[in-house]
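Both complexes shown next keep chain A, but they swap its partner, so chain B is in the first and chain C is in the second.
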Partner chain A sequence: MKFKTFAAFVAPSLFMMLLFIAAPLVLVFVESFYQTNPRMEAVSVESCTPGFGTQTCTTQTKIQPALDASGHQVMETQFVGLDSYRAVLEPQKLWDSLRTLDWNGIMQIDFWKALQFTLLFTFVTLPLVLLLGLGLALAVNNLTKSLRGPVIFVSLLPFIITPVIGALSIRWLFVGDGILTRAMEHFSGTDISMFAQTWTIEILMMFYRVWSNAPFAFIILYAGLQGVNQDAVEAAMIDGASRWQRLRYIIVPYLMPLITFVALIHLMDAYRVFDEVVGLRTQGHVISLQYLTYQFLMPDVSGNRSISRAEASSMLTLIGIVLLLIPMLRRTWADQKGRAQ
Partner chain B sequence: MTTWLARRQPFSLRTMSALFLTLWCLIAAFPIFWITVMSVKMPLDAFAASPWDVIWGPSTLAEGKGLSVLDILATLGLLCATGWLATRRLPRWVAAFSPLGFSALGWLIAAAGLALGFGVVGVVILPAIVGGLDSALGLHPILGLTTEHYRAIWVEHAFWHNFLNSVKVTLGVTAISLTVGTLAGYALARSGSKLAFWILIAALIFRALPHSVLVTGYLPIFINSAAILRPILGDAAPTLYGQPLAVIMVLVAINQPFTIWMLRSFFHNIPADLDEAARVDGCTHFQAFRWVIMPVMWPGVITTGLFSFLLGYNDFLVTSLLLDASNQTMVPAIAGFFNRETTMTDQVEAIAAAVSITAPLFLLVMVFQRQIVSGLTAGAVKG
Partner chain C sequence: MYLRKIALAGAIALMGSSAMAACAFQNTVPLKMLSAGFEAWKSATGAMAECGNFTAELDQDFGKKQPEAFAANPSLYQIGGVSNGEITPLMNAGTIRPLDDLVAKYGQNLQPNQLIKIDGHIMAIAMQVNTQHLMYRKDIFDKLGIAVPTTYDELLAAAEKIKAAKVVDYPLGATMGVGWNLGEEVNNMFLGFGGQPVNPDGTPNVNNEMGLKTLDMLKKLTAYEDPEYLTSDSTYVQQQFQQGKIAMANLWASRAGAMDDPKESKVVGMIEGAPAPAAMAGGKPATTLWWDGIVIAKNITDEEADAAFRVAMEGLDTEMVTAHNTDSVWLIKGYVPGRLAAGAFATAALNPPPYPSTSAMGVMHMAMDGEVGAFLKGERSAADTLVAIEANYTKGAKDAGILK
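Showing the complex of A and B:
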């Protein structure tokens, strides 16, 4: 294909990605060093109180937002360097807590709290999703043909349901008078409140993620299982390999590229954890990095959005995912390169 | 025969795997099943202590709202008929009636027709007939059920308005994503150049970006766009904040990396000889793409379209930040229902809204299960 034709075909897609993905990225990066605030000006106001004979006049200097001719606030943008990052990271507070080895002190800073949860969430759900997915794929592969369709249908439901709604449906099962909390109280004989402490909330969020993402791993690994070389399996059987050995030394190595693929996608998606915070309404106890930015972007009580802090936390979130992905990307890069040649 | 015997699993292993799958299916379906049950009960039943009370709904029954034996049979019949139509008949009809090269359109119409037919039969025709029979035979309701929360949500709280916004955004995202994505996917699959390789790697990195990072970039610009664009467009400069079209564009861009990767792997499966033959016959590249490749690409397009649909329909983060209350889509709107969720009735109404959002997805899986599975595997297994 000639370069010109190639360019013509790719242009619309590339244009959209550049305009709506690359450009905002650069913009956020640059803007994160600036801050836009209403310009303040000092105004001296003379206020006089009517008095008997002589008026008492006082002149006060007030600092107030400057207004332009049409009465709008004049905004001005200043270079502030790393101030926004400092406002998000709170290095002073972090350093103080580190010196006194005060874990709770660190967890009081929103950013570090969000980072800790996001990483914990990503690395706990990753192996669980892979294991459950592989287990389901193997079990369905052994199933009678006529039953496979219905099982796949039911399995797809958690995957395809709107994430916020899926998380909500879990919430309604476990919330104060939810049916599963009642059942657990019945069996354990104690009062249980799933949304009162951090660790139970974290378990519920991870449970939701495994519930909704294991089907994805399952479908992909199940499709991969259809291509396992039966001759190799038979040869292993003749050599007396047990079921476990066949799984360990033939099937899993064959599926390895797919397992890496699922892990890569899961890493990207789990790092973006956000819908669980909204659906399970955990923001009082547990927040994630994306939620932190979302919180800065939402108007607060007085209608202001903390855009500059959102920019700083976005950039920090971005650095995190890049660091996580570098090992994975190098591998994909080598794979694709090898295939292209 | 011998290998079959040798591979036959011992009884214990088969039992274990059957148990494991049964347990999984229960866990997978239970939350969705349960919110559906809760949404049709009076609040007292929906949050009852005993699960049996939630299922049978005594206090809903006490108000005279419920289903008789005949109603239950009719509902089950309707569900079975819909399932049978969707899985057995619909594919055949689509294949028979849609003109060559337009099977995607055929599928769209068929799915919409099925949903519409289900709605009309389930809400209008069946209740009228069965209700008449019930009173004629003197049957009493035995299973508590009420649709009043759905009525409250859709009519009183104007959820249909959010539904229309969702339809607008979702259809826009799907249509534009596919148009832009098929062109790029085709070129990327056919070109082995360095540039194509780098575009794909860049797309992979873009796919990993947290959406909040991008929205942080858009938000200040969208809010102030009228002032920024005035020097260029004059007084016609629009405020992009709250515009569905702007949100559609943003979602299309976010969806592009995934779309081009998936479509590329589908195009890879179509032999390049096909377009070469067309080119020899005198087609330009675009003609070969349009008249030779696209007609055999529909399965891939439908599958990718489904995933674009899901992205647009399920999105919360982008739509909640970039749209204002007047044209909010369904998923962020449900967050508004929580904020006034004070009484138990409000809670059950929020549950009814959640089930309403899930129902189209349920139908989608029913009709398109095969395409979803093939789409998931296309990206991974083949390329």
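Showing the complex of A and C:
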């Protein structure tokens, strides 16, 4: 392809990526070293609130934003260096806890608690999604043709359901005396509260993620299975290779690039786990890195936000994803180079 | 909070513009309103819709949308429904207008009690008051011979008796979900013990004797609550009441009406209200007073503001209250307090403090909300938790500009 043609095809998408991904990223990075907040002033304000029958009027000193002549808040920005990162990471507290080997102390710092869960979530769901996806793909591949269509459709359903709705269904199935909690109580004969302790909530979150994401792995790997060289499989059968040996030495190596691809996508998605926290409402027990950023960003009742801490935490999340992906990307890179030669 | 949001996403009520005879005038200016989604707002916005050209968006997470929506020019909504919490960011940003002129023009039927004055100007028109107070199953209390508790120590004793009698799943309902509710409970109890969470200069003030007592009491209460208390909010507790799973709870007055709704409640006629218990003997009820009402956006034309206020007044009139008397503890003329409003009235008679509408309280609320869970789960000591609340607050207050 001529360079000109190539450029003409790539330029629009490159431009969009620069404008909507790279530029905001750079801005957030730069902004994370600054802090912007309204200038506050202490004023004495009389406010009257209704009681029953009569009003109660109180005069109190309030610290509230100063407004300029046109009625807008006066914003102040100052360079704070790494302060926002320090506020998120709490290196001093972390170091103190590390020195005394106090795991519980580390878990009291939101960022490290969120990181711990995010990593656990990512690495527990990854193999489960791959195994379940591969298992489904193999099973469907061995079905008679007439059954494949309906089975594929049913297997894809969890993937089609809107994530928040799916997470909510899980919550309603298990919270309090939800149907499935009742069923478990019936069979075990004990009182079960799935949302009362962290580990059961974590299991539910991971269960949901595997259930909803395995179809993605399944459909990709199933597509891959259609291209497996049948001659090689038959040759192996003639040589007396068992089902397992055929899988291990012919099919899986053939599918490896696709497995790497699915793993890559899943790593990126799982590391940004968010729907489960919101949908299952787990923030009392479990939070993720993405949720932490969200929490900093959401205004409280009085409209205050912690934007600079949100920026710092989103940059840290990004760094985390890059670190996770480096080994996978290097592998893909090496594969590509090997193939090109 | 998120469950409510999603549950209500379906209920975002787009009230039709079919004009009905009940409105005194035909509104021709297109108007939009954003408010919370509880029963009283459904009734009020329903009545406003009768004037025509009016759309209401009812969303429990309205507080997160409102500041940005009202800061737009022109504002995305002409009318806002707020409580004394959510009015703070609007006041801070200067995006709502004083209503003195409009009240003089169209507010003949308003009660003086409804006019929310801040710094000498009427900034909002209140329609109802709301407060958390003790709701209890009268049948269970009578059967077990339990007197209505007036302090939290008595409440614990009552809970113990109910637990021993095994008449309900959990003696006590808990609005302790992390997200907002837990902060509210901590603040209620802390005020009840005589604390003042933020000093006038904006520094935190919870690491003290009252803080320790607060945490100790909350922990004792959890022994009688659904173990899933950290994910449980007002809607969940209301449902537990309605399904007969709990015997008492410190719950919002706005939730009381639903107890007698035969469509969803199995305990019609069995729930009674009483003052919120005091944290300590002789103290004020450990709760805060809230109001809900309407505000009018600043960034709209005077013509729109005029129409918006008139429509709002139609929604908050005696006719609406008469039709929906049991929905709420209304402040509007013509309201007759029903059986289920008695508890809220009795609470207010004991003068609990109004919830403070300040920037600092918003930060403190979320600091309490974020840190106390770890203590209740037993992961952190009470003393460390109080230190953590103050540290959390200090960070948030710096981000907000309250502290330097």
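To be clear about the criterion, the second predicted complex is superposed on the first by the 286 of 341 C-alpha atoms of A that agree within 3 Å, B and C clash if a C-alpha of one lies under 4 Å from a C-alpha of the other, contacts with A are read in each partner's own complex, and residues count from 1 in each chain.
What we mean here is this: contacts are C-beta pairs under 8 Å (C-beta built on N, C-alpha and C of every residue); 3 or more make two chains touch, one makes a residue touch a chain.
These figures come from a predicted structure and were not determined experimentally.
Student: Looking at the overlay, what does A:Leu138 touch: chain B (first), chain C (second), both, or neither?
Tutor: first
Student: Which one hits more chain A residues, chain B or chain C?
Tutor: So, of the two partners, B touches more residues of chain A.
Student: Once the shared chain is lined up, is A:Arg281 touching chain B (first), chain C (second), both, or neither of them?
Tutor: both
Student: Using the superposition on chain A described above, determine whether A:Leu168 touches chain B (first), chain C (second), both, or neither.
Tutor: In the superposition, A:Leu168 contacts both chain B and chain C.
Student: Could you say whether A:Ser188 touches chain B, chain C, both of them, or neither, answering first, second, both or neither?
Tutor: Neither partner.
Student: Which of the two partners, first being chain B and second being chain C, lies in contact with A:Arg305: first, second, both, or neither?
Tutor: It touches chain B and chain C both.
Student: Classify the contacts of A:Leu27 with the two partner chains as first (chain B alone), second (chain C alone), both, or neither.
Tutor: first
Student: Would you please give the residues of chain A that touch chain B in one complex and also touch chain C in the other complex?
Tutor: In the superposed arrangement, which is not itself an observed complex, chain A uses residues 164, 168, 177, 278, 281, 298, 305, 307 for both chain B and chain C.
Student: Which bits of chain A are touching chain B when the two form their complex?
Tutor: That would be residues 1, 3, 5-6, 9-10, 12-14, 16-17, 19-25, 27-28, 31, 36, 132, 135-136, 138-140, 142-143, 149, 151-158, 160-166, 168-170, 172-173, 177, 179, 182-183, 211, 215-216, 219-220, 223-224, 227, 234, 237, 243, 258, 261-262, 268, 271-272, 274-275, 278, 281, 289-290, 293-294, 297-298, 305, 307, 310-311, 314-315, 317-318, 321, 325, 329, 332-333, 336-337, 340 of chain A.
Student: Give the list of chain C residues in touch with chain A in this complex.
Tutor: 2-3, 6, 63-64, 67, 84-86, 88-94, 112-120, 126, 129, 169, 177-180, 182, 200-202, 226-228, 230-231, 236, 240, 245, 289, 291, 298, 329, 331, 344-345, 348-349, 351, 354, 356-363, 365-366, 370, 373-374, 377, 379-380, 384, 388, 395-396, 398-402
Student: Write out the stretch or stretches of chain A touching chain C in their complex.
Tutor: Its residues touching chain C are 35, 37-40, 42, 45-58, 60-65, 67, 71-73, 76, 87, 104, 107-108, 110, 164, 168, 171, 175-177, 193-198, 278-279, 281-285, 298-309.
Student: Which of the residues in chain B end up touching chain A in this complex?
Tutor: 3, 6-7, 9, 13-14, 17-18, 20-21, 24-25, 27-32, 34-35, 38, 47, 49, 51, 54, 179-181, 183-184, 186-188, 190-193, 195-197, 199-221, 249-250, 252-254, 256-257, 260, 285, 289, 310, 313-314, 316-317, 321, 331, 334-335, 338, 351, 354, 357-358, 361-362, 364-366, 369, 372-373, 376-377, 380-381
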